[in-house]
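Data first, discussion second: the structure below is written as structure tokens.
As written, the chains take the letters A, B, C and D, and residue 1 is the first residue of each chain.
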Amino acid sequence: MSKVHEECGVFGIFCPEKMDVAPSVYYGLFALQHRGQESCGITVNDDGVFSTYKDAGLVNDVFTADIIKSLGQGNMAIGHVRYSTAEESERINAQPIVVNHIKGKMALAQNGTMINYTELREELELEGAIFHTRSDTEVLSYLITQERINSQSIEEAVSKAVDRVTGACSLLVMSPAKLIAYRDKKGFRPLCYGKTVDGSYVVASESCALDAAGAHLIRELEPGEILVFDKEGVRSLKEHCGKEKCALCVFEYIYFARPDSIIDGCSVHMARRRAGQFLAQDCPADADVVIGVPDSGLDAALGYAQQSGIPYGLGFIKNKYIGRTFIAPGQSNREDKVRIKLNPVSETVKGKRVVLVDDSIVRGTTCARIVNLLREAGATEVHMRSSAPPFIDICYYGTDIDSKDSLIAANHTIDEIAKILNVDSLGFLNPEHVDKLADPNGGKTYCDACFTGKFPTELPKSGKKFKFDAKISDKKLTIE
Amino acid sequence: MSKVHEECGVFGIFCPEKMDVAPSVYYGLFALQHRGQESCGITVNDDGVFSTYKDAGLVNDVFTADIIKSLGQGNMAIGHVRYSTAEESERINAQPIVVNHIKGKMALAQNGTMINYTELREELELEGAIFHTRSDTEVLSYLITQERINSQSIEEAVSKAVDRVTGACSLLVMSPAKLIAYRDKKGFRPLCYGKTVDGSYVVASESCALDAAGAHLIRELEPGEILVFDKEGVRSLKEHCGKEKCALCVFEYIYFARPDSIIDGCSVHMARRRAGQFLAQDCPADADVVIGVPDSGLDAALGYAQQSGIPYGLGFIKNKYIGRTFIAPGQSNREDKVRIKLNPVSETVKGKRVVLVDDSIVRGTTCARIVNLLREAGATEVHMRSSAPPFIDICYYGTDIDSKDSLIAANHTIDEIAKILNVDSLGFLNPEHVDKLADPNGGKTYCDACFTGKFPTELPKSGKKFKFDAKISDKKLTIE
Amino acid sequence: MSKVHEECGVFGIFCPEKMDVAPSVYYGLFALQHRGQESCGITVNDDGVFSTYKDAGLVNDVFTADIIKSLGQGNMAIGHVRYSTAEESERINAQPIVVNHIKGKMALAQNGTMINYTELREELELEGAIFHTRSDTEVLSYLITQERINSQSIEEAVSKAVDRVTGACSLLVMSPAKLIAYRDKKGFRPLCYGKTVDGSYVVASESCALDAAGAHLIRELEPGEILVFDKEGVRSLKEHCGKEKCALCVFEYIYFARPDSIIDGCSVHMARRRAGQFLAQDCPADADVVIGVPDSGLDAALGYAQQSGIPYGLGFIKNKYIGRTFIAPGQSNREDKVRIKLNPVSETVKGKRVVLVDDSIVRGTTCARIVNLLREAGATEVHMRSSAPPFIDICYYGTDIDSKDSLIAANHTIDEIAKILNVDSLGFLNPEHVDKLADPNGGKTYCDACFTGKFPTELPKSGKKFKFDAKISDKKLTIE
Amino acid sequence: MSKVHEECGVFGIFCPEKMDVAPSVYYGLFALQHRGQESCGITVNDDGVFSTYKDAGLVNDVFTADIIKSLGQGNMAIGHVRYSTAEESERINAQPIVVNHIKGKMALAQNGTMINYTELREELELEGAIFHTRSDTEVLSYLITQERINSQSIEEAVSKAVDRVTGACSLLVMSPAKLIAYRDKKGFRPLCYGKTVDGSYVVASESCALDAAGAHLIRELEPGEILVFDKEGVRSLKEHCGKEKCALCVFEYIYFARPDSIIDGCSVHMARRRAGQFLAQDCPADADVVIGVPDSGLDAALGYAQQSGIPYGLGFIKNKYIGRTFIAPGQSNREDKVRIKLNPVSETVKGKRVVLVDDSIVRGTTCARIVNLLREAGATEVHMRSSAPPFIDICYYGTDIDSKDSLIAANHTIDEIAKILNVDSLGFLNPEHVDKLADPNGGKTYCDACFTGKFPTELPKSGKKFKFDAKISDKKLTIE
């Protein structure tokens, strides 16, 4: 029932001495599971000997106690969770990617999407490179390896390599002796680090993973910053910092990130509650109760209730046993499937005028069914409120919105959408409030291209996101 | 992390004509999953030919699309979810139990616990019976089979058989031509029925399962009532009704049932919110925010907030990928395991005086850790409130509280508990309010033996719940 | 590719003191795997506490090292392998069957088929018994339990119970303190016992299982004999012995048993080689090489070669990786499937006149394809020889030949069969030689009903083998 | 229980038109399973779009009907079975290796071992290549890709690339439009091709795979020959032929290949029977029966019996249910494990002087136990005969004999071995007969380095087989 998929989460740990590092990565990845459910992997570094396990599946399913144990001890490790589209063979694209090279060995894990992937890959292939996956992380591995020949250190090679890349890139690189973290110059995706009580450094896509690993948050990496963790401690390289305008994906605050995470100093829960507050100002409603769509609409619903003075209610029970293996035998339509997962609490809505808050309205299909469930449960009016502005354009920076065709707001007016959703009124967050979610005083800049169509980078030359070239390039590569 | 386990849920459907009945049972059991996660099963009745599939595991894991399909069509079906203690072999005790007998064939599914199990089993064995399981449902199957010899109908046999049984018993019996539902004379466990738009009757432990199967609730069965569903429609036999004082388990309202269910005409969510309201009156607190322990404390927390005027907050994020396969590698203590599942939202609690509401405090171990998480997240004060009275005695009627030893309130004063939990204040629901949760005007009677030690039936002669005799009786049966 | 299926194998062990008994049973069952591949099970008896594990599948797949370990130590154990027809739910019918009864506890495992099953089951049901399976072993468990009430000992109860049964029955019964073995009065199925160097007694369907468990063979049980193993040692009860004419299934020598087993004092390999020798006398051929169909025709082929003086050759290579999971994608016909499993060695047969020996010709389909493979490989003539007489009637005593319809020899003359099989000549063992396979001096009597239609017992009153009543009785049992 | 492991088998098919090619490859690989049991894979080529599935496991387990179906139709396909040592991660090394490159796409599958692997890999890495596996096939993929830049065709690139490689190499390369097969200049490993009735060309490691795919054998590729299959038919490129002395591995005849295969025009079964005949001349015995160790010693035993006039017997029954999942619970020693798999037929050996023929004696451990089993079964004398000469040196050309330490004949005299094995006499094939196994007239040359220590190529510069550098190179690659 989710609308937009994040494409990755990363986690790394550097310990002062050899220890059981795989469990920490396991807990970290488990906390980042919402960022990618297709595949996951861990690479443990024991004094230069790397042990890797990765496979398609959830963290919980892929990593048994035996496998965690088999990864052994080490003084460093990195991990990755990944979302991928159905057309791709998932297992081969799982990360970390491990490179065994005479000029240096490394493991890589990345959250991002490369805009100039096609150009870089062609250039590398013409120089003799062979690719095994369609992952842009493999391109990065080649770039770094190339740069190492004329670099004094692995961090210098990383620094030179990332300078050739356009797009979102929160990257971890582990060499035999160092753990390197990099957040791209625009800071599209979050990446933060912290420290445990026993002195280990932890770096992760979100701070909730630091919590899970028992580390306290130090801070977010600056856009463009490179952190080097090694025996000497941690060093920050800022040569790429401050060159470009920050463009953190605002959808991290609205939907992707976990509410208990803190991104760039702001609580995600607070940003969402604030979205609800703005929404109550932007689109008030005359109603008896405010409810949120579990789980992503709950924070904003609370904010809306607090701002409007309308009582907050628990509107739905979500079946917590829903898992990836859930089947829907004999279901003639999508509607019943929603009901199995989400059942209204009739006591809350019966005979009531209901404000229904969700984080966003992307395709609108699930939303329409939820409204219907409320009406069946006796709601007299349903006032739909989205704590994000209308979603109108595709995303090139690490999510799976690849076409405008399915975006309801890209193809309909608000009145039309209200009719489609069968609601008594419909309101979206005012786009002007987007920049104020994390900091009501504003001043920060975000990527909000999905709401505005204003992209902070050049777009792919082909005009398409690279992964959709798969079948085409397969043919094109056919020389004989 | 759950404290008390319900031991079963049942679901049955009777259709006017042959159709795909297994999917409906699947959805119903899926909605009842919280009542039993150890094993589950479905029996489909196709004109007298029974097809059964049952195994240890969650509904979602046991029933694949192929298995659901293999159960075929039918005009009736029953299903069961079961919780069982670890000592027993789970697969063999899975229900429905199917009996192929020359005097009549039947399938049984039950939610309950028989007080006079040991006496009845001994009596039956001395008459030649052989038992394959330790399930009291198997004793019921013998009793009904015995009674059939001198009965005019299966319902008469059921009626005579249940009269020999003491204890909790919400029972479904399916014969080739009839579906029979029975709720014991005291009504310990809920059992309700409803009807779908296509005219099928559905009977289930809770109304949330009716919702999942697309049926609307008609009403709860009365204590002692037998319903017979057959080609003629539905008939109610009330010969056992009104003979005993109602003793519905009040813990169904407090913890077991799903908040979206309606039991005996009262919304479970409402009963819990009302518990929170009473609690705010009984044990007020001077605080900045009210939060609930997910998921079972959320309803009462909302009630507490509304009654007290203290703002309601989202205090924790529960990792929704936690499943039965979750492992905790390298964890030295239980505390970290809690943190992985439940992470505080620091924005909500940092620098705040927090009222923490949970449905009940049974053993207290998880509770103590949760308090600790709040303090680590910056809460300045933690005022713990339980929306149930102190839990002080064991339960003989279908849950897994088998000894007082582990019950914190049976062994400590409230002050001691407050110290153990490390809270600034501690309050429990006033026992006088228990009878008013479902109906503030009172008048209804409940089983609240766990809070009072006043049991509404005689107790087992052995003084022990039968399942704990397992190893002992194994030895005792050794003649040669 | 096999033609006739045996329906069971049993194994039991009684040790002078507590030890790891499950591994011995595992090895024994593994050696008896050819007698039943559908399900298997083991029950370990630790001073009256029984631990059982059974499931559908091969011994190798069902029993992991962890499961074997979980069965724990004991001073006795029994096990079972089972073949069953597809219509039955396999898991529920797996043995051992364990009975927990106030009058005594026991576990049973049986190889056999009860002729008067229907009568006995009806009688028991009318007395109040409830059956969970269609297994005749469950009927036995009731009979023994009934008899215990007026018996001084478990062996007396077994003795009385088996007296009420007609048919094949090699039975193991384990009580808390005793292991009892019984072979029916006609001795249809083999059952032997032996002793290990550490003083444990082992009883098994075939001596190859004794070898696997490290025991030396003492002797076959006599038809009708009851052996009691307990702390005092072993005692033989012979009250049922010598009352009926021996009717050991001669197909055990011809096909079922493993060639390395010794049954009733005669090597199975020797009996098969002798069958080949008789066959060479009965049906000589003018040929260049004698080959056997792997694996069941190899012994007789060697006997034929030795008797005839025609060189023995290795005619086929059987793919040893064929397992139960083998699939045959894209195969338009059964013929190719045979080729994948069995490939001719062209060097052996090219340009040669070949004598092809198989143990028997039951349905003839696989046989025809094998002949074709030889011709494709260049054989100039193929002379087919069966080391059993024509198979013309159904079997009521523990195998799966349930109808004459598919028996080629019951529906065609030898000339017709030769044409169907496309052979240059066809010969069967002379029925007169059947009684001389194990002992050329004769004197022993066998059940050879499949070759003669002369059944050594009365037949089921229904005229049908009971398992085929399954669907019918399902309907018949429908009272309401 | 096997002694020496082959390291690979390859299979390819080129069809005149699009069809279901995966089943043919499946059957082919299934027939080649004895050449590699660790992993397997298939790549189907549908007009330039490649579909690949590969994993660790047996062909039967890895390829389900669904997976075979998902590979779809195509006009070409290649497949691979692989044996690998335990230290390596198996899944990542599975073949075919698929290369997606702007200069051309291809899939590769190889049976062989590269002597100059380390030098070539270092050279390639210094030019910018990144390797994902330790497989020498990945080195080949780089070499071919490099050569394509200045080549007119894929076959020209293959021809140039293989010229840079020393060692055993039977290689299949599939481009979008062509299937190319290459056998190295010394012809270390077999590689043959044939044609089906529907006009498809099939190329495989052994002819038994052609049989399984319904193709008739045309001939073995010549050492050094490149075959190109495309829409025009098949073309042979012989530029590398005749430059070096043939060095086919003689152990293919002795042990590796399936007896029903024909290699270089000679039946493997015949070569083994001839080995037995020579052995009877070289090392006669005064005995009563000749038996072979199943399955590899059976052909030679038959030859020995025929030459010596001593009767041939079936000495052992091999449990055919032994699979990869077989466990050996509670076994204190290796001896019992052998007995479970192999049981003597006492009738054959009791009281007899036995000639026991095995194909070779490598480590001798299993052999000693087998002799012991015979003595326990009553053999009065055991005369051991090996149909290969003493195995004294390691192998660099595609098998897993990596050290002399475990080779019994490299460390003991024949008398010492006889004592270790506890045999009455011991004889090995005279090394002079090795060259005459396939053709008694001789004239052919073989690699018999394992018997002579005379290696037909230079050895690795490191003096070690590359795979054993794994851990060392892991460390060496650690720059920082």
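Keep this in mind: contacts are C-beta pairs under 8 Å (C-beta built on N, C-alpha and C of every residue); 3 or more make two chains touch, one makes a residue touch a chain.
Just so it is clear, the structure is predicted and the values come from calculations on it, not from any experiment.
Enquirer: Starting at chain B, how many touch steps does it take at minimum to reach chain C?
Expert: 1
Enquirer: Could you work out which chain's C-alpha centre is the most distant one from the centre of chain C?
Expert: Of all chains, A has its centre farthest from that of chain C.
Enquirer: Between chain B and chain D, what is the gap in Å from one C-alpha centre to the other?
Expert: 61
Enquirer: Round to the nearest whole Å and give the separation of the Cα centres of chain C and chain D.
Expert: The answer is 38 Å.
Enquirer: Averaged over CA atoms, how far is the centre of chain A from the centre of chain D? Could you give it in whole Å?
Expert: 48
Enquirer: So which stretches of chain B touch two or more other chains?
Expert: Where chain B is concerned, no single residue meets two or more other chains.
Enquirer: Please output the residues of chain B touching chain C within their complex, sorted ascending.
Expert: 48-50, 52, 89, 98-105, 121-122, 125-132, 141-142, 145-146, 153-154, 175-178, 471, 473-475, 477-480
Enquirer: Could you pull out which chain C residues touch chain D in their complex?
Expert: Against chain D, the touching part of chain C is residues 20, 22-24, 26-27, 30-31, 33-34, 58-61, 63-65, 68-69, 208, 211-212, 214, 258-260, 262, 267, 269-270, 295, 298-299, 302, 306, 311-314, 316-317, 319-323, 325-327, 329-331, 336, 339-340, 343-348.
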